[in-house]
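These are the structures, in structure tokens.
The following pair of complexes shares a single chain, chain A, combined with chain B in the former and chain C in the latter.
Up next, the complex of A and B:
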């Protein structure tokens, strides 16, 4: 009976904390639809904003999937996959990476000084720049999550069977494993597609300005308090959800088309020269992508740090006039304050989310009842901005009257979904035998979990903590709008500072963000490698 | 010197376990068309690893040396897809996300048949097995015995000279196990395909032409030294 109450209370509280925000969404979502006669359609540049948002979502998510498939294909056909090859880029906060990318590759940036006009594609605020940055950031995300999904499939056996009936390893990946992997990745791909179509912070800093993309436009409207802007924000929210729906349908259609394409090629005779050419091309793309990811991330990290110590680094000088710690000394109070807030919120969120995810997984295993992942990941399938705008119109602020509590709750909610994506596949792969055996020796459920199951999940738990922390650290829209500017973090400060023409101060905040992520990543790697008892 | 009558000849075989350097020599083995060799031994003795090595898989924990000759040609350095050796595994004998027909089509791609000709072959072969109406079903919709039979058919359709069977009947209940086992040996014999089957159950090997009990000699000595 006590155990029943224990499970019931635990899962009940968790379900309330996961379900309550949806209640507020339903309550607060303004039913001001963008009908054909709506004010929204008369806003100058709205058609371009819509078109560009879709282009960003489609192109960035497709290229990221393409590169990730090639990297994972190599993993599947060549023994043990590498685990650290995309770590640096994966851990890089989007915004910090974007700031460094702009300073390195845009006109008057560092590369322009070394090789003038060698990189003419990256304007300071353009679609190409935004898409490139998103591809750089989303590809490692898909690779990390993709490797987890791959590990759930008997892919080695499938490739071996394919090869034993005369299909090459590479062809076996594309024809046998890839369709199943793509299906397993559906929810992750939908989350990435919706994120890319509705991204706010990176789009504000690197995306086109006149007109901006739809999501930054909605934030601008939301932050103005005249009735017209509020009306536009409400209609824009729905439009953004429409775009998200289109992206979700696109991912499903893309999966169906690719699976049909692969199926149609089964049994087809393929010339050896063609296979060799494909193998060479994919090998080049994989190597080039990994070199680009590692090279650009390393360069970006170094550039950010260098910027913070540089004085008088004016165009066209390749090096600054002098190096100095003056900037760090001048701003360390502000920086430490923001770092403290960011880290405190992040740690609380990471610990709470990881505990909640662990408890929910255990409840499902214990009761042999699997909640469909789509329900638990639903927060990723609606543009974050639409959700936050709905919360602002609801009783959310009465429930969470404290700004920090409000921000923590929102961070927890979004971090939970990402953490679940990381932890659930790993947990499913671990048998309950050890835990049951422990209980048969007289250990209670959670004591047995701690001593016998947790050691098998050390890596997954560490990665869950890392991802939930990184998600919290990177939150911009909920922190800005729900915190009403009274809970400034490194991320919100960085967006505010990036709108000016100054590089050094944003670089300091970006460096702090990235270092925070890197330290967390290194700690995660150390914990994951600890010998398991 | 390999006699022309001998289709498959395995010689100078040695397995070296990388972790502790143990080695295990295996006797020379010769198989003619349609003949079968049963290898029995306790679980974990290395039988399955040996089969994987014969297939051409590189394993991280064990190294294989030896000569694998098919019709006089040494195939031991060829990649898996060019060896002419097929395998039937105990679990997941079929690709679960493809229909039976698609699963079988994988084995026909080397033969340069048109799609229509492939379809004809698949229909005929399934009809011969009494599974004519199964072509469009997914493996998950088939019984364990049907999966095992279609898995073997797929292996055979690729026209291998040798089929490796790794505890192929483990997933079946006792009654079905005997049916599928009898059918498997007859099927391979009729088609003149040599087979090596490993199992830890003596019953599984009752119909084989030759039997070998897995040697339990394992010493810390390099393979070269042992063969001198």
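Up next, the complex of A and C:
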């Protein structure tokens, strides 16, 4: 039946399912632009909010890219890359990591209590703390996805070619491989840059509040119901979209500048001492970064686990008044229920999204027609709460009257964009010759794909599954509002519990989320190591 | 191959969804009505109390009560305001007050005539002025569930020379802030507790506190509030981060208080300090104080959406929540510790003895916006 319908029809259905939410957005999102005379510009502190959002976006994404490039550069020049050196940090849920980080590294925090000397700790609600936490979270994301993109490039031959003309491996990385890697990473970098300016939960917990960054400000307005706040929310949404667009342009400009700089240096002779100094500096930065990532993540993970057993842990005590498993035993049923729902929805979404992405890429390759990525990734350009509120005010609920279906659809939509980001560049790097060969042997299209092309994309598919699963797991606003509370997950529970002034129960759910992500990452890495044909 | 692949996916999807216990629970309401109760989920004590309520209403009435935990009840209000259907709302019962109630009332989203429909409303205390919610007439669209009174919490050494009950005049608070620079703060308005702090201070500082009971005039609001802003100008340099940055909420400030970052916190639960100390959730070195001799007092309420498909069941739950056993359990200090809004049953100890201060009513509702906007104009740059 499906064969008769043809996968073109399936792709058509997919495009409708991707496009339909936009129709609902247009239906529900008021067209209230932040024109020069708009009320938004009179809001106290709006200039600071905009400036700080830009600073966070630019600084966090630049530092993350810099550190990730150095780590990946070492991978490229020193044989087989390690696969699990950043796994613990990568798997950490943003909010959980932020909570543990603040508990450990702020003034009066645990390390401040233990150490006999004062250090310049990270201040609560500060730009520096927010940027640091974002760098800690984004760098492993770039490293994990960067390694996957690197694997699609013939970088070993390129470095070999460089060395054959007397260029060191490290210099070959920066001048030959890095520009190509950077281009392959463009979409990932855009997504990361946009995330840094539109992040809400971590920004609220760790970033400045007076004024807040633009994204939390828009969310605050969205959740107030007087006419002025609603108007500010509408204009703020468009401003945030503009900011996201600026970040995308910044990433493209940054790529062009870096590529020009690198190509201008090709063929230049440099002193050996200079090269040795650069090698030493990058080695130190790489080691220090990896130690910091591993050390801070391990400490944060241990702190979270300890908090789940601690009762009465107050300043200035180094240890709690009591250790107890009471919280675990009292809430294990709830935890397992939420885990079950989270995993069920996450797996369905991950599999559906990965399948849809695969079909869409194959359709494009088969028809030699490339849909502009911007259309497929547009979900990443709009603040999520604005999208969901727009859907609530549209006919969405008439189309998706079942709460679980509604949640799955929303998760699918957001996950699709991230999954495409991971899979598309990898798929583009794989030639169709293997598939054509399979077809010439008499296999059907998908049978050929399965036996001849899929093995070349095992890593990309596994990472696509991983990222779409993690995106689904992390959803709060769509799960709560579109699911109307009928599908409570680990994340909805964690966010609700974190809104109080307590540590123990939020730490339990944060630990569970972290473990879930870690196990998924380990499984991904095991799958990715499958022998390739 | 594609067909097999698709079959596998569909099978996996079905298996996963049916295996999810929570999802499955949501669909097993064929026999017992399910009431979806949207309530803030940030407190373990409140969540445990609602678990107990769920068990009780299941046993007494065969009703399944699902506590839908939200980080901010505005999220539920957003959902309710977006619903167009006249029946079968996703929400059956809500825990709200203030601005959220005002928005829902204005949109005519709430069931009215609750005092007549809920038998236990006759138990409500007559000495409580619960018929105005932040200056908005309740009009039978919500019933009080608990008493909220704005109080300050300090580390004990700060109040060492004060005998309980401690009532601090604003000038004394300023002196304390000068003695302990960088150790005090307050939640940033327009956070609920931040705006309440401004209201409480305004009552103590403005020349004619009765002015706050009337709607603010455009011309005179600046003049009325001038003493408040003058006071904050003096206080801010001695606050945490010199009054340039603030905690985002009362919950966050309580975390910082326990963490050691600050020496003060704020609360709207008059029993919070003893209750949380008993549960090892607040440092033993904490003492409550009132700002001035009277404390800003209001109520938190329960309401039922007009379009709830489970109105009768929701009314039964509401009735139970106002019953003697439910109110007694709610006020127990080893649990939530929220004072009762009904007359204490004979023989039962009053749980708010010594923790409730004489009260100030909420100012007229329109002052909320004025206070928030003027504060933002002055201190958020």
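One rule holds for everything that comes next: the second predicted complex is superposed on the first by the 393 of 533 C-alpha atoms of A that agree within 3 Å, B and C clash if a C-alpha of one lies under 4 Å from a C-alpha of the other, contacts with A are read in each partner's own complex, and residues count from 1 in each chain.
Note that in this section contacts are C-beta pairs under 8 Å (C-beta built on N, C-alpha and C of every residue); 3 or more make two chains touch, one makes a residue touch a chain.
Just so you know, these numbers come straight off a predicted model, no measurement behind them.
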### Message
Looking at A:340, would you say it contacts chain B, chain C, both, or neither? Reply first, second, both or neither.
### Response
second
### Query
Is A:77 touching the first partner chain B, the second partner chain C, both, or neither of them?
neither
### Query
Thinking of the overlay built on chain A, is A:165 touched by chain B (first), by chain C (second), by both, or by neither?
first
### Query
Hey, is it chain B or chain C that touches more of chain A?
C
### Query
If you stack the two complexes on chain A, which partner ends up touching A:403: first (chain B), second (chain C), both, or neither?
second
### Task
In the overlay, answer first, second, both or neither for which of chain B and chain C A:176 touches.
first
### Query
Where on chain A do the contacts with chain B and the contacts with chain C coincide?
none
## Note on the structure
The chain A residues in contact with chain B across the complex are 79-80, 154, 157-158, 160-169, 175-176, 179-180, 183, 263, 266-270
#### Entry: Parts of chain A lying in touch with chain C, wherever the complex brings them together
1-3, 7, 43-45, 48, 103, 106-109, 113, 123-126, 204-205, 208-211, 220, 222-226, 311-316, 321-322, 336-338, 340-341, 343-345, 347-348, 351-352, 355, 389, 392-393, 397, 403-404, 444, 446-447, 449-450, 477, 480-481, 484-488, 492-493, 495-505
### Message
With touch defined as at the start, can you tell me which chain B residues reach chain A in the complex?
### Response
52, 55-58, 60, 79-82, 85-87, 89, 91-93, 95-98, 102, 105-110, 112-113, 115, 118, 154-155, 157-158, 160
### Task
State the interface residues of chain C toward chain A in the complex, per the touch definition above.
1-3, 5-6, 9, 12-13, 16-17, 19-23, 25-26, 36, 38, 40-44, 66, 68-72, 74-75, 77-79, 81-83, 90-91, 99-100, 102-103, 188, 190, 241, 244-256, 258-261, 280-281, 283-285, 369, 376-377, 379-381
